[in-house]
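My questions will all concern the structure given below.
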């Protein structure tokens, strides 16, 4: 995305998260722009560059950090800051006490209540998960991860396989292009005529959602990208018993999993693929998005 | 797009236009759904199916037509109905007198004033040029036409050529995919980070518009898709003298043509490519869009 | 490959082998051409169609079989017929006693000594492993399997990854096309100028083997397809420590595995991928090849 | 193909030919390796670099040239050296008198009789047309030229068009890949099972030549690459009247042109496309091949 010419002498705190955050810190350090980078709560199974300072002391580190980057998701299931590579449990509001309202704070999937709480103290959290380019760039590792699953689980080659993709958002667009390159027969189910026209322009077979039922029987694999249960009992029954179902949709997912199990269908609900299948790339994507945000803020 | 199951015994008037309208009439007739189809002002250089009735008499034909399809553009430069395959000159408002307000009227690029005039008589004109799927589907013949020009004009193969595409709308998306398939080096200039991320996901090189100047010198061909003069004197001067410029943007176009000529740059302003390079496909696209409109209206 | 119109009332014995043989039997049965098909030594973990007769008695079955299909490889490591889905141990020469010299006998990877032995009894074994189309068709599951490994093992996306492929035979040709579709940077190392020209025509970067050393440092993954140890200590040392090495070459392989291990390089020697990653497709490929052989013999 | 590091202080004579030879001379000069390059009989419509010496005097120039490059074809229809950019008529044997047998002489399509004549004087002509890499590299401009014709002549888009390609040599392989990228339905007619397997692996539909007749009716365009009249009257009659036939085969071509004309089929015999549609690339290909020859001879 061209040069990301950050100003010198900025201080960064990269706090919590998994391998993605660690890789992001390493990549930022490797760019050698003269930043002071501190990695926090990134302890286990991780090789941080020697250029990165380490600290778990929010009282010392946060007040002097120009940019503070929380992980995606920002919080774990218990409401603490998401720090899977550390044994420390950290309240997000404890951090708040040490963050200057001149700092730029970034995080992924910020609960609205928490955002409001920070806002009351004059601290705006930029949620990079909301950025269009973040979603687009992550469509690539998600689609590659979906292909990895299909290649592993299917007893036939993708070349010649009949693939149904439901939905035609970002992930579906990348996935469909790759499936076509493998020589699969690709059908895409969508509702909008504009989307169906795109499917057609991409050389795949468009199927209006009202005609979906008639296309299920011949599928070797079905990738769902629609976050609503469109694969209900009626539809699942139409699928062949050997059809693999890969659900890429976030909660609640697009499959009636209980029924699928009862029917003996192999169903895989694949969530958060970028961090799992390509953590380094996922870290790079976060860094690129962070850079864009900082540039728009004139902070670079 | 699945079957387009129209009801039987409908009457269609397909009025004016070029080969696209004629092909649309032929395709509609070939579907054999029992419609009565009348072709109007489609006389020259055209083979209409024998299943199509012919009439140039709007008084007889329009009142009994359930669906009336005007061409794209609806009017010619002088404000008459656009009838290039006929010598008749027809005032659009003359038609109005014979159109029942129970008829469905479709046309492409309808002047707002005319639309209002029809509306006052209870006749709504559906402008199919406004439909998303129409634009998407036409991106394919437009991109193929742009490639045809590039292949004709360039003394080198597209394989290995450095191509710059400005803008990343529908046409650019299709064009970029084809250029990549040829093995060209493709750079795409855009403004939005989300678009640049897509460029990246497609395996091409994203260039933010602020950095465009630095990439111009090495281009073998530049395709503009932005309908604003972004190729001004400063930018044109950066292009090599052998660089071909193909402007796909509608008026005012994206190139300062006078300056380009003075600089000795070969510049081609390619407008309305679908009708020129693939009239049969263009007619098919119109028919498909018309079908979608009729289906949404419950008219089929 | 068009219709494979076999004559009716032929008798087939499909003997031994793994899932591929079983799937081949099922597919042949599904074609419903009126053959009598007997599956032999296909007992474990396998669902044979009810249209297939079962017998483990070579004395009864072989003499009356027009076509006898042994597996790939024909023999196991101990020199018995390769029957992994059965507990029976079967001497190949025991079969010979019951095979009419009017039968057509097919097998994969037939030891020359055994072929000669059969020949002495008037029985020619057709080795389908030697067929060009068998090798070409198997290049697809092999390349897909190689991609599956790369997707599993690499912490980055293939999009944007630098991939080196050594050799430019059948598997490499398919693999390179897929890697390019993923948006990888693909370099192919070959010796012949004709091959390097093909690499170039495919939009990849050709590297003459004499210049290979200079390209190793930047690789994220290296796929070897050359069945000779070209990745010796000098070359392995040039690779980055995070570079994944996938060796697709048959014995002796193309990598000095001991040195690779000492250097801490992750190296995967992936043999016989089609049967492992896509047994149904592999069975279909065998069937198609068998059909071609039978057609050339006028047996169909 | 990596750097082509030629030794310094070599002298080259580039003699006759069309724009391709001129471009080759310019590219060789642009590499700035310290050669003395003389362009001969390259006068009309041509911009030679100022680094290139000009001479039409074979007595002075040839004896002191280390490398002498004749054009493709070496001779014109009248048996003179092919010099379309000059008014001079030059007997090839006149040149022979001034060529040292220490010079390296290259030419394209050398008549055997002439080669023998030169050989008698101790001068071996290297025919670069015979080189595998020359043929492969030229398959790209040939395929692009074929697409240019198809795009110009067809009233429908390639996307969705049914294309038949006869033969599966170099040009066909490149062409098929591009047609597939356009989203065409591609069928390839071949005789060998190995070729048909490749077609299948490329995601296209293989058609054995014995079943060709049944596939002709639905074609929108047919590209022939087989240099034998396979499109005889019976086959031509099966094609639809709107089917475009593009014959890429060298003499005698693959089409019964008289019958095609009588049937009203649009048939285009496209010969020598690289020099016509992409002369600069064609010159670059010749230069690359010449470099390979010189390197193999240890002359560089």
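Order as written gives the chain letters A, B, C and D; numbering starts at 1 within each chain.
The working rule: a contact is a pair of C-beta atoms (placed from the backbone, for glycine too) under 8 Å apart; a residue touches a chain by one contact, two chains touch by 3 or more.
Bear in mind the structure is a predicted one, so any value in this text is a computation, not a measurement.
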Between C-D and B-C, more C-beta pairs in contact link C-D
Taking each chain's centre as the mean of its Cα atoms, which chain lies farthest from subunit A? D
Measure off the straight-line distance from the CA centroid of subunit C to the CA centroid of subunit D, and report it in whole Å. 37
Express in whole angstrom the distance between the two chain centres, defined as the mean CA positions of subunit B and subunit C. 49
Junction residues of subunit C - those touching two or more other chains: 140, 159, 177, 183, 201-202
Quick check on the complex: what are the subunit D residues that touch subunit A? 159, 183, 201-203
In the complex formed with subunit B, which residues of subunit A make contact? 1-3, 131-137, 139-140, 174, 177, 192-194, 196-198, 200-202, 206-208, 211, 292
Please output the residues of subunit D touching subunit B within their complex, sorted ascending. 19, 140-141, 144-145, 147-148, 151-152, 154-160, 177-178, 181-183, 277-281
